[in-house]
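Order of writing sets the labels: A, B, C and D. Residues in every chain begin at 1.
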Amino acid sequence: MIKFDNVVKYYDGQPALNNVSFHLEKGEMAFLTGPSGSGKTTLLRLIYRDEVAESGRIIIADWDLLKLTGASIPYLRRNVGVVFQDFKLLPERTVRENVELTLRIQGVPSEEARERVTSTLKLVGLRHKSDALPTQLSGGEQQRVVIARAVIGNPAVLLADEPTGNLDPETSKEIMDVFKAVHAKGATVFIATHDPALFEHSGCRVFRLNHGGISS
Amino acid sequence: MRILSFHIRTALSNMFRNIGINLLTIFSISVGLFLIAITTVTVNTLNSAVSEWTEGFGLVVYLMDSLDDESIKALKAEVENEPEVKDARFISRETAMSRLKKVLGEATLDGLDENPLPNSLEISLRQGNVQPEKVREVAARLKRLEGVEGVQFGEKWVGVLANAARRFTLFGSALGISLTVGIIFILSNTIKVLFYRRSNEIKILKLLGATSWFIRIPFLVEGVLFGSAAGLLASGASYGAAYWLGSGHALPPNLVWPTHAVILFGGALGIIGSLLAVGRIRL
Amino acid sequence: MRILSFHIRTALSNMFRNIGINLLTIFSISVGLFLIAITTVTVNTLNSAVSEWTEGFGLVVYLMDSLDDESIKALKAEVENEPEVKDARFISRETAMSRLKKVLGEATLDGLDENPLPNSLEISLRQGNVQPEKVREVAARLKRLEGVEGVQFGEKWVGVLANAARRFTLFGSALGISLTVGIIFILSNTIKVLFYRRSNEIKILKLLGATSWFIRIPFLVEGVLFGSAAGLLASGASYGAAYWLGSGHALPPNLVWPTHAVILFGGALGIIGSLLAVGRIRL
Amino acid sequence: MIKFDNVVKYYDGQPALNNVSFHLEKGEMAFLTGPSGSGKTTLLRLIYRDEVAESGRIIIADWDLLKLTGASIPYLRRNVGVVFQDFKLLPERTVRENVELTLRIQGVPSEEARERVTSTLKLVGLRHKSDALPTQLSGGEQQRVVIARAVIGNPAVLLADEPTGNLDPETSKEIMDVFKAVHAKGATVFIATHDPALFEHSGCRVFRLNHGGISS
């Protein structure tokens, strides 16, 4: 489902990722860890084509990202749900509208969208904040809105970048349960995190990045 | 259909989010459109005046106030006897005044309570006799006839007027073009600013899988809304101004159309402006 | 001093960050300032023409072309003998033409190769004799004198012209005021947009302990820069246009000053615009 | 140094803080914890006057915040360094310029500012990123820029809101050492966090927020 072959990515002449190769099966759940600045976010951005690799091969589902035309990027991205490390919420839209956006872009009719938003917000424990603006939310609440927006489209691939950085241990556990449910429905789930508590005893594969290199 | 209504709603909500600023922008644009409309009307007026005069005046023979109808008739026949003259048309002083009023506007001549214009004969020359020297020769001959107060080389005055009208038309066109370019700039800036204000939002929409046109359409809708709203304002203002300058007389249709066309013109500039704005921004 | 240079650098870097859009804004504003300048020049020209004519023409006696210098002198004496007449001034046909040229512009009359104007006497009436009925009475008496071709109630034509000039001044002032208001709007919008674009940054600066003026000063600097840059452009353009319309003749100083003053005017509008923009935004 | 007396803060008719009272001594270091949405950020925002309490009394150093005039807010804030949970970096300024801003606002001459920025960036391990823009940094690197900006002005009070949410355990330890150094120089330090590892065995007081109420 996600296949990297000798992928190299440079920033300003410095390698952020150096000859990275790995393979996630369809329906697998795995973790990505490593110190600050080791390239976790960069690796995820390559998957949803927010960055382009200098060399190597990246295959996501049926897409060969190095041969992807600009016009098909939107369709790749509709299959990849992302929990961004820096949230990327629209500040002038309510929680409901933010989460609904994923569906609007995919052309889901408004009545159906409405219902799905309500149940997804319930899932992350934010139904009572539907009409709040992101600026009226606590850090952890914003993070949960991002999670809701990422999972609502039932993406084939779910990427999460430090999804519990602003959550207390208890809420973190609830969110991990959400991810497990998405995984149980057949999605490939890939989670970047600093928190060993998330992947210890999970039985999932853990990839470690260090100075641009990967090991598992 | 549903998608379009989604875009129109987005466009409207963007416009209303900063209603104050947007109204001011619309107002600025409408000032420009207004100037274009009244310049067009003025140029039209002037040019139709010139073409009317150019037709009318071949050579004008002013008659002494003392002539009675009989003598006028005789004089007319005498004039028409000249070989170069095709025909002569009697223009009474009243007709001359009402013509002048039509050209300059009733109100401009309100100060006059006595008609200072003389009776006259308007003379058309036969083809081949309109060169300056020939005309001068005919004029000299006509001047010598009994009862003629003076002869005017109409085309000279028409030349002066036509010269002025040409200059004004040139100037008006230059003004119109600069204003049009300026308005397109303002519109495309306005849209670009809206675009930049939302650039953060747009980046996020792209990451969620939105296509370029999903993002662009609301801006095109906004451009048209801006342009035609300004056009509507300008139309009202220029109609009002024309009416006021015409001292309450309705304008003839050939002067009215610019005041209506300016609405469509505004909308068209809106499309051009927003296409320029969103086309040039790489998505 | 160091702090001020910090603000000026901030202002300049803000302007250059979007140099394209900002140049277009400056251009739009300069179009408005240009129109204000040429309207002012036109209104000035027209009004000085009217005031000159109003002084000159009390009552004008047109003389027959056939009169020689002797008879003209005699006629002048005779006219000055009338009790209501203060004095009579001889205006040769050449003087009359050169006056007309001065008022209408040399080029407008280029088409004429013969002077159609008659010799005349300009008559000033004694105080207390300028009421319409009195003037008519005097005119009737003068008309009966030998060698007089006609008498013109100068003030009537002046009235027509003054009427037109008054209308044009009114119209010009209305135009000038709308344009000024429009320019202030555009400037204050531009600054407001810069302000909104940076509103995120500004909120952060406040949280770090910045005072209101630390934040406002760069915007005031920007307003002045925008306004005077546009003024400079407009000044060049309007000087050029005036020169071109005057067919290459240098303009008299009383018509030139608006083309210079427009630079200061632009700067002043810039301050007003940015004060409006940053003053109204709650910090 | 920081004194809350029966402080109440409402958002949309709901109490975010309910009768909160506590007192931090001058030069004390303490922690604030509690689940997501319990009011930690709100409490910190009251201290630097980004929010105003509905009732109660807040004293920061010599300032009585309920009597504070608008014109003196900037001077209060210059004495309170804040590590914001959502970073609040200026996106169009470099790392150096972002950190320098604190000093520019206080009118520190540019040569002195330059030197202090260099040494502070070294302290948080980001000297090599001086000329990068925030968008070119990893999440953890951005967080360290915010920390540098908060401590560079030698504030009397240092507030940190989830300062290690994007940091790996090792970098977290280094950052805690920076806070301890600031504390050692006499500053009052108050840290809001979800991570028990930060305050366990620290010997500092820990305040717990829950449903708007506080306990220690």
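Miscellaneous remarks
The rule is short, and it goes like this: a contact is a pair of C-beta atoms (placed from the backbone, for glycine too) under 8 Å apart; a residue touches a chain by one contact, two chains touch by 3 or more.
These numbers come from a predicted model, not from an experiment.
Shared contact partners of chain C and chain D are absent; no chain touches both. Averaging Cα coordinates per chain places chain A and chain D 29 Å apart.
Separating the CA-averaged centres of chain A and chain B is a span of 62 Å.
Computed from the mean C-alpha positions, the centre of chain A lies at a distance of 66 Å from the centre of chain C.
Those residues of chain B in touch with two or more other chains do not exist in this structure. Multi-chain contact residues of chain D (touching two or more other chains): none found. Taken as a contact graph, the chains are arranged in a single closed ring, with each chain touching exactly two others.
The set of touching chain pairs reads A-B, A-D, B-C, C-D, using the touch definition from the header. For chain A in complex with chain D, the touching residues are 11-12, 33-37, 40-41, 85-86, 136, 138-141, 144, 161-162, 165-171, 194, 196. Residues 2-3, 6, 17, 201, 203-211, 214 of chain C are the ones that touch chain D when the two sit in their complex.
By the touch criterion given at the top, residues 48, 50, 71, 74-78, 82, 84, 88-90, 92, 101-102, 104-107, 109-110, 149 of chain A touch chain B in their complex. Interface of chain C with chain B (complex): residues 18, 21, 24-25, 27-28, 31-32, 35, 107-113, 116, 152, 156, 159-160, 163-164, 167, 171, 178-179, 182, 185-186, 188-189, 192-193, 196-197, 245.
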